[in-house]
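Each of the two complexes below includes chain A, the first together with chain B, the second together with chain C.
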Partner chain A sequence: MPIEVNGKSLETDEEGYLANLNDWVPECATVMAALEDQELTESHWEVINFLREYYDEYQIAPAVRVLTKAIGKKLGKDKGNSKYLYELFPYGPGKQACKYAGLPKPTGCV
Partner chain B sequence: MADFEVPELKEYPVVPMPKDGVMSHLSPFVAKPEFQEALGYPGNKVQKEGEDPKYILIDGWKEKAIDKMGDLLDRYRGFRVFMDSCVKCGACTDKCHYYLGTNDAKNMPVARQDLLRSVYRRYFTFAGKYFPKLVGARDLTEDVVDEWYSYFHQCSECRRCSVFCPYGIDTAEVTMAAREILAHIGKGQKYDNEIIGKVFTIGNNLGLPERALADSLEGLEEDIFDDIEVPVKLPLDKKGADILLVTPSADFFAEPHVDGLMGYAKVFHATGANWTLSSKASEAANFGLFIGSYENMQRISMRIREAALELGVKRIVYGECGHAWRVGYSFLNTLAGPFDFLDQSYPIPQHICEYTKDALDQGLLNIDKSANDDMVLTFHDSCNVARASGMGNYPGGQFDIPRAVIKAVCNNFVDMEPGTTHDATFCCGGGGGLLTDDLMELRVKGILPRASALTNAVKENGVTHMAAICAICKSQFTKVLPYYGFTMDQIVSVHQLVSNAIVLESQGEEDNDSDDDDAEE
Partner chain C sequence: MSEPWEDDVEGPVKKFMFINRKSPYGTVYALESLEVVLITAAFDQDVSLVFSDDGVFQIKKGQKTDGIGMKNFSPTYRALEGYDVEKLYVDKESLDERGLTQEDLLVDVEILSRAELADLMDEQDVVLSF
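== the complex of A and B ==
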């Protein structure tokens, strides 16, 4: 189903990931989260922004391990674990957070 | 959590009453034409304005499907035998985890095969051509194609049913043939085909580019050093290395896979091996097997040969990946051989568990078993290792060797009940190219027999953790066992256990390289 963002209709795939990564604007995350009854707090945005930075550099989403390490460094050890990330993104930081950040879904045996 | 009913765990196995069509609603997403074409298959798309695109059968699909079936019947003698030889004895009916978990009659292996067999009869047998109703032959229609697409993606090609079939009919071969026919008429599966495309363009299932891979490996080296203050390396594209390690890309990315990768690295470090990973062959997995495509399986395999030649290695070792090991152990030589340029005194290829077992036997590893004393372990035999390959140079090595490695590094190990292990092992529920969110209902239901056996082992023997040597099994378990009350961290890699227990000298490189097999040239 296409999503409406800033008056524009953006194509998504069967699971709601953006079809064209260049379509992403921050409002995409808000719209996608609303569709899943989630509210985005400052903590969510910290993760989303990190994902986008990482993707810009490496053309792939970071491994959960890399993500937890980076979040731990930035926000303190108590947040550098997957429990914290799963609390923020109950469907999995890898998949749900990537979707909000406009990144393609990690594929393979993961 | 789920919009379907999670089956109830029972104390003892119950063979369910068959129900008609309760899983007929479930089909995976169809591959887009561009993913189809990258693999040499046709694709077709229609899209109405404001709607999502639909991927439809190609023109002339019916003739093309029958032609393809004829081609496969000629190419694979086994396939024709499997189409002809079923006597409907029913031995397979209650052996499939998907039948036991879903109760759908068409998930009985014989019924699944008959979806294809009935069409085979219609077009390829005398009786079926002239008296179709007498022999259960049916015309190929679009409804039949849809049924194939649904139910041949409810088989994980695990081959448990084949163990019990008195004729040895290999259901996996039938499923593979069906998927190959479907792909040839525009109905390939999105998950599998998109992934194979990534192997061709980027080098691995994940789509992990070389720079990201290098960065990940560096990060792991740091993590190991922070942990044990030993400079264990994870070399990438090191020319002149003796050993090329090919491993599933999930080992670079997912938990607990990555802990296993660190375990391999520590074993190589301890044995003084000169080893490397390859950015070209940064994937052991070979989804060409799952979709029944010899051509794609061969193309994927060739990367490993090319990487081995370019790097000038003498040995190839496979990391923990079930179906990769099947392709490696059983088919690599015919797909990508001859491997006459490798050292012939080692298995080609060799499994990491064999490598570690040899090192343990030679006393090269300093092990502190108490490091795993917080766990009581059991072991899940992965289907493709257990039933489709071997390990070591004797029958049954694929069962003993991983267990021997676990027992050498852990004090507490118990097997799950017989009939659920070794060659009768139950599939994890996500194998054979089905490890995708669009099949979550099937994955949750199909894990039932394994979850039951594990639950019994927990209750009776105090098991706390289950180890596996397959990336798919590990991912399926961490994701789906929580539906049955387990936690993600109860699933471990075998080499994660090795990693916990191995004691490495903290003073620089080892200088005790003996004249054993791992000495550098």
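== the complex of A and C ==
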């Protein structure tokens, strides 16, 4: 189902991931979050921006375990744990945060 | 009931070796192998990678794929460390035959002879060739 962002219709797959990575603008995250009744805080954006940078560098969406470890290294131990990330993204930090960040579903995500 | 953020109980760990023998583009083998490697690592298995024959080109620096309309996935090999995949081996003969050295590769590897690779292969539970 396509999503409506800034007056443009963007194609997504059946799970709501953007069909075209280059379509992503920050508003995509806001729109996707609203569809799931979520409001994005600074803490959410920290993770979303981190994922964008990770993808830019490695060309993949990291597995949850890898994301958790990498967040811990970059943003501190109190954020680099699954509990914190699951509280921000209850549908799973890998799946949900990657979707908001316009990335494909993480490899190895079942 | 366990919460989703609690770590799973540790399961059995097997030794997996992935042997990459084909050039990165032209067939889907290299990319598929990389995906299986990442999945295997995400399940906390013991993973080693071997690059042999034209497979050594998979980790060659400076890949540019614009001309062939494919995604350059070589940066992903540098993500392996974050997945705790640190056992990367390269067949010395294959490297020599192609005029390459460690300097040409985008990740740190251990360069081994065919005899040494054969010994390593013997230690594995699972060997998959791509």
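Throughout what follows, the second predicted complex is superposed on the first by the 106 of 110 C-alpha atoms of A that agree within 3 Å, B and C clash if a C-alpha of one lies under 4 Å from a C-alpha of the other, contacts with A are read in each partner's own complex, and residues count from 1 in each chain.
What we mean here is this: contacts are C-beta pairs under 8 Å (C-beta built on N, C-alpha and C of every residue); 3 or more make two chains touch, one makes a residue touch a chain.
As the structure is a computational prediction, the values presented were derived from the model and not from experiment.
When both complexes are overlaid on chain A, the residue A:Gly7 reaches neither chain B nor chain C. In the superposed pair of complexes, A:Arg65 makes contact with chain B and with chain C alike.
When the two complexes are overlaid on their common chain A, residue A:Leu85 makes contact with chain C while staying clear of chain B.
Of the two partner chains placed around the shared chain by superposition, chain B is the only one that A:Glu15 touches, whereas chain C remains out of contact.
According to the touch criterion, the shared surface of chain A, contacted by chain B in one complex and chain C in the other, consists of residues 58-60, 63, 65-66, 69, 82, 107-108. Across the interface of their complex, chain A is touched by residues 29, 50, 52, 190-191, 194-195, 198, 204-209, 211-212, 215-216, 219, 223, 248-250, 252-255, 257-258, 285, 321, 435, 437-438, 471-472, 474-475 of chain B.
Contact residues on chain A toward chain B in their complex (touch as defined above): 1-2, 9, 14-15, 58-60, 63-66, 69, 82, 95, 104, 106-110.
Residue ranges of chain A in contact with chain C, taken from their complex: 57-60, 62-63, 65-66, 69-70, 81-83, 85-86, 92, 107-108. Looking at the complex, you find that chain C touches chain A at residues 3-7, 35, 38-39, 41-43, 71-73, 75-76, 78-79, 82-83.
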